[in-house]
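First subunit A sits with subunit B, and in the next complex the same chain sits with subunit C.
Showing the complex of A and B:
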């Protein structure tokens, strides 16, 4: 009976609109890229910050915006609409961390925020570090550095 | 296992909901609705506790009873914590029950057994759930907006209470079938309809066999919170496996919200979903004699994030009660 039940489930499980979602994510993600680029230009040419530091300033600005908009309570709706357009950029990381921090604030600064803030985004940090280590190792072994 | 009750009636009910339910099509049938999910409390958990107490107080006021002989209830939070804290404020013996979203019908069956066997004079059963409390515990932080599949159900917010006694008033509770735990063989936590439909089918079949009835005996068969896709799965599976064709059938998960306008994906879920719709809307229809016999099959996915992370399949259960208009 297992296969029959699984067959029925498959019949009535709707397909996700992959094409539609991809187009939305492509456009919104592209807009995020434009905003990021505009911020770098702003920091380089108007604030006269060296271009390497300007990139860091851009990231900090986007993280700040992601956090503050999450706190204002409507960013989750934007993320839900834009999907990977806002999740893959640094704004998604900021949103995930900030939303967890908000959620556990009432359980204390250490036992609440401290323990749970990286609940969603902790995996990104861990595998980001492992990934960058592996790729650096490969680069070193191939002799690119 | 089906238990028959000679003389048990649901005398009075009370329902309190949150804002999403208030904006749904059944808002006129609820006793009270809040516009804010905090209900003037500090946290989601305390908010849930508050509406349980408030609905019990409301039930006492409506039915004019002073003492509750026994209180039965449960919710979705870990250690059914909202129920336990709410019960600590009430000076009655308390049985905490957990059967996920089928807690309501399990409560009704247990309470009826106690009343029918003269162990208690009256019994109050309650169930509650809180959307944000459940999201926090089972899924993601409330403010996190990651996309969800279309099959996701939306945990309803509210508390519902029922007073049962031998007094011939209200709706008759004729019999109840305690379900068996059925392994759905699925692991998709975003498709609870698929997880629970098999359990619902098993309980409906067992109820009809035990009582020697056909499905046409009931004017309406109601399932708990299968959602729009689970509903179709149940219909197909019942036909295929048990040769039962559901005609007068609906799912409370698809009735509580306006599925086109509200952001609830496949429909409502949560322990309070079935009683909110039944105590409010269905009882009203029964009192108007538009419906005479109703089979309520509340379905519960016995999901635990630890076990699903260990790649185990999700078990489900369904308990059925047969409700009748007093003749």
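Showing the complex of A and C:
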């Protein structure tokens, strides 16, 4: 009885096609990299912004695109399709912030948006700061600076 | 040529993330945190700076560059202001990204209705 049940479950659970997923993630991730590089060159050579500021402009543009596409409802479908190809680039950070803000908006400005906006992306900021503190302390102690 | 490098580097980072996602029970949240942590580590011996020179924007787009910029800012702060610089400099370079994400998502969430 139990074995049969397990067999039935196994046949009906959708199988994740690992190879297909990996190829899609590789291609979409690579395209994101190309978009980033193209934006940097656009800001440097056409808008004549110094290269350090051009990097910041590129990040802000991508974050804005991630936010507005999440609001318009396209981004969730794309994330379901490409998964890590869009989660690992900085757009995933924007998507997490924006979807949390949209979801909790009903509960009010302070208790809804204010407390829950960084719910998903707060982990990135916190562990990033902790990690950078630890590693720069190590670098300081080793004497590389 | 730098476009091909950008494609390869950014693609491989996403591919590694996808392989971790498919073969373990970690959620996307765990994976982004893991990659930020790897990024902070790679900046310790200036490895990530070399990758940025090689792959250009392709190395700046993945979330690993967020960690790289955090460590970079901390070290820069330490060079300029001593031990206090570790605290003042950490968010120096990434503040643009964090502020942009917060500002855009606040105002856009006031305008748009959630889609389901």
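Operating definition for what follows: the second predicted complex is superposed on the first by the 130 of 145 C-alpha atoms of A that agree within 3 Å, B and C clash if a C-alpha of one lies under 4 Å from a C-alpha of the other, contacts with A are read in each partner's own complex, and residues count from 1 in each chain.
As a working rule, a residue touches a chain if its C-beta (ideal position, glycine included) is under 8 Å from a C-beta of that chain, and two chains touch if they have at least 3 such contacts.
In this text the structure is predicted, and so the values were computed from the model without any measurement.
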Which superposed partner A:62 touches (first subunit B, second subunit C, both, neither): second
Touching partner for A:44 - first (subunit B), second (subunit C), both, neither: neither
Which superposed partner A:120 touches (first subunit B, second subunit C, both, neither): both
First (subunit B), second (subunit C), both or neither touched by A:6: first
Partner chain(s) touched by A:28 [first = subunit B, second = subunit C, both, neither]: second
Partner chain(s) touched by A:131 [first = subunit B, second = subunit C, both, neither]: second
Dominant toucher of subunit A (residue count), subunit B or subunit C: C
Contacts of A:103 with subunit B and subunit C, given as first, second, both or neither: both
First (subunit B), second (subunit C), both or neither touched by A:140: second
Footprint overlap on subunit A, comparing subunit B with subunit C: 16, 21, 71, 73, 76, 83, 87, 96, 98, 100, 102-103, 120
Contact footprint of subunit B on subunit A as seen in their complex: 1-2, 4-6, 8-9, 11-14, 16, 21, 70-71, 73, 75-80, 83, 87, 95-96, 98-100, 102-104, 106, 119-120
Subunit A to subunit C touching residues, read off their complex: 16, 18, 21-22, 25-41, 55-56, 58-60, 62-64, 67-68, 71-73, 76, 83-85, 87-90, 92-94, 96-98, 100-103, 105, 113, 117-118, 120-121, 123-125, 127-129, 131-140, 144-145
Of all residues in subunit C, those that touch subunit A in their complex: 2-3, 6-15, 17-19, 21-23, 28-29, 31-33, 35-37, 39-41, 43-45, 55-63, 65-67, 70-71, 73-75, 78-79, 86, 90-91, 94, 96-98, 100-102, 104-106, 108-112, 114-115
Subunit A-facing residues of subunit B, complex: 42-43, 136, 140-147, 149-151, 184-186, 191, 194, 198, 229-230, 232-233, 236-237, 240-241
